[in-house]
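Going in written order, the chains are labelled A, B, C, D, E and F, and every chain counts its residues from 1.
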Amino acid sequence: MIYLTRKAEFSASHYYHNPNFTPEENHRIFGKCNNPNGHGHNYTLEVTVKGEVDSRSGFVVDLKQLKETMHFEVLDALDHRFLNKEVPEFRTLIPTTENLAISIWQRLKPKLKTAQLHRVRVYETADLFVDFYGEDSQDSE
Amino acid sequence: MIYLTRKAEFSASHYYHNPNFTPEENHRIFGKCNNPNGHGHNYTLEVTVKGEVDSRSGFVVDLKQLKETMHFEVLDALDHRFLNKEVPEFRTLIPTTENLAISIWQRLKPKLKTAQLHRVRVYETADLFVDFYGEDSQDSE
Amino acid sequence: MIYLTRKAEFSASHYYHNPNFTPEENHRIFGKCNNPNGHGHNYTLEVTVKGEVDSRSGFVVDLKQLKETMHFEVLDALDHRFLNKEVPEFRTLIPTTENLAISIWQRLKPKLKTAQLHRVRVYETADLFVDFYGEDSQDSE
Amino acid sequence: MIYLTRKAEFSASHYYHNPNFTPEENHRIFGKCNNPNGHGHNYTLEVTVKGEVDSRSGFVVDLKQLKETMHFEVLDALDHRFLNKEVPEFRTLIPTTENLAISIWQRLKPKLKTAQLHRVRVYETADLFVDFYGEDSQDSE
Amino acid sequence: MIYLTRKAEFSASHYYHNPNFTPEENHRIFGKCNNPNGHGHNYTLEVTVKGEVDSRSGFVVDLKQLKETMHFEVLDALDHRFLNKEVPEFRTLIPTTENLAISIWQRLKPKLKTAQLHRVRVYETADLFVDFYGEDSQDSE
Amino acid sequence: MIYLTRKAEFSASHYYHNPNFTPEENHRIFGKCNNPNGHGHNYTLEVTVKGEVDSRSGFVVDLKQLKETMHFEVLDALDHRFLNKEVPEFRTLIPTTENLAISIWQRLKPKLKTAQLHRVRVYETADLFVDFYGEDSQDSE
């Protein structure tokens, strides 16, 4: 079993707001992230897949396929977008880094064929990142 | 003469659009940056000042003052903002990295007392940055 | 279950010395880290918490609380300090990166309320870091 | 149980080719990595060991020994080499990042005495890395 | 006058050898870089152009054109190549980082139209880089 | 004319204090850097030399000599030291990043033979660095 991780970047904007909160609650809980005009980030995405090494190619996964899947399923949908307005799941879901990692997992999981999705890591800034291992992962790493 | 550089980061969103261009021109020239909903970046700002070292303190500039000036004049105005909508100069000026560097220079220049502003560098992403040395700088890096 | 990591930096000095070792042993085992005047590092701290995402906020943890806890419990105690002289546990414990990670875990663990502390990572330099998952963690990364 | 990771870098060249593939298959599967003249990378190696902290030294592993083992067993063999031609296992094995991580594990495992090898991570570029936890590791990160 | 810099990466292999040196001289001057099988690097290229900001677009240079010029003139020629064997100028010229920076300048200079080439920076590793400002630059950074 | 830069790192501790200041002045001007026990940093040093490329070697400077000069003249003197106590010039001079850059210039300048010293850059942290081009440099970066 070997783990391979590929990084990619995308730039998007978002804001945090819960319509069920009062304005005071939204301001207290979300601070300046509550600004409805949005603000943005250069997100860094790390996708980790795991599997056995194919003895003929030496690869655990076809790197070109992995790159294309990341582009078609994630980057094309999120890059240069206002997440709250233009990405369907974030019309109702707050686009925190946590929810972004879960959303990216759900976009990638059904599309990866040869290797198994192990982890989605999303950096919002250099100082803050989130890891998701799938809904049914046991409590590991 | 010695040069001191301090970094800071801010997150903002923007889009590129010239109302005098046709939609086709806006699309051709600005590509996906033309999306009016905006997209965002973690900008990195580097401010370089120059001067003589004060023999009593060993400093070319009061670091606390420099940090505060950067916060009050730049970060408070730009961080977590949609530049086109919320920053006055970008209501008419296109918020490219070039114009952002010039705007930051103009915000900082009159506020720096002890040391002289030498350069403003703005990274839009890790792979793209702009340097500005002032309107009346001769052609030198 | 989702994991969120926040980074912070602090600058401190330290030296390595065991009073029960002979001078030769101290020198052989600790090399130039045995210099009693101390030397220093820009430490990078990564604190990882885990938990369920709160469906109302989209957060696994209140980021502002996490940041404040890291500041009050760790940075205020260690930043700009000579660890051996000014931090109580390192009067007797050698302030290696290993012991620093354990100490930071012990400082943070009782103070984190909403999310569970998962990992403390401490970088002494860019090329050396230590991970601690708690005293009673099973052998898992 | 504590985990300590040390980084090192080496520069090597390689190419990907399976003599049992047709030229078309080699080209389709390996793309420009199939160029027999080779191309190169600055590889970054992270070696993680785990163990109990020695209460006398505060160390989980003798850092100098770990550094020397990494140099003698890995860097001396791989640095400034054409992997396919000069490193015995890659005369037959394709030197992908996956196989490189496994090879480095096998080189280090028998030589580490005081602490236990936990993980070998190899970055081929900043955007692609592989983790290996040993042949008999259960499926855990 | 404003300066814009764009980064790109390429992976190549090379070795250092002067046929007019004796084997002893080649070994003494070039050390392990003299290995004729070659070794490789992930080179990072930074291209800086300068000019006035176009008031209609806010750009000093068409970023898409700059990116394409860097790809067609530099990356397509050097990426995944053995420089000594596959890049014409390095059949006779030793492919040091210095000569690589000069060669890239000469490849880019005649192809850049709207903005003026100011500097080519080439990183061979994170710890070593070279800057070239053109043959006829006065002695200025 | 070509410019070559080599990086190195060292870890040291220091504090800021002027015996001619009152305790209040020392505290106000130097803040927590005034702690006499010292605190420390992982300093990053960048040394830039300039010259013509030697057509026989392709080098502007003998890299091995440059590395050795940096080690003997700078790293051996500063690494793992308490600057105020153990480095002669800092018994009287305050070891700010500014003075450190000047001191390193003075240590290196007389020892570099084949290429000319152009710039010394010292990073105290990732967010703060100083450049020095020599006492008699005209006002140019």
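Structural remarks
Here is the rule we go by: contacts are C-beta pairs under 8 Å (C-beta built on N, C-alpha and C of every residue); 3 or more make two chains touch, one makes a residue touch a chain.
It should be emphasised that the depicted structure is a prediction, and the values quoted were computed from it without experimental measurement.
Path length between chain B and chain C in the chain contact graph, taken as the least number of steps between touching chains: 2.
When you average the Cα atoms of each chain and compare centres, the chain farthest from chain C turns out to be E. Set against the C-alpha centre of chain D, every other chain centre is closer than that of B. When the CA atoms of chain C are superposed on chain F, the rotation angle comes to 180 degrees, reported as a multiple of 5. Residue contact pairs shared with A-B exceed half only for one pair among C-D, C-F or E-F, and that pair is C-F.
The centroid of the Cα atoms in chain A and the matching centroid in chain E are 35 Å apart. In whole angstrom, the spacing between the mean C-alpha positions of chain B and chain F is 28.
Multi-chain contact residues of chain D (touching two or more other chains) are listed as 126, 140-141.
Chain pairs that touch one another: A-B, A-C, A-D, B-E, B-F, C-D, C-F, D-E, E-F. Interface residues of chain C, counted against chain A in their complex, comprise 1-8, 50, 53, 56-60, 62-64, 140-141.
Partner chain F is touched in their complex by these residues of chain C: 9, 11-14, 32-33, 35, 37-42, 79-82, 85-86, 125-126.
Those residues of chain C that touch chain D in the shared complex are 16, 18, 20-21, 29-31, 93-99, 101-102, 126-133, 137, 139-141.
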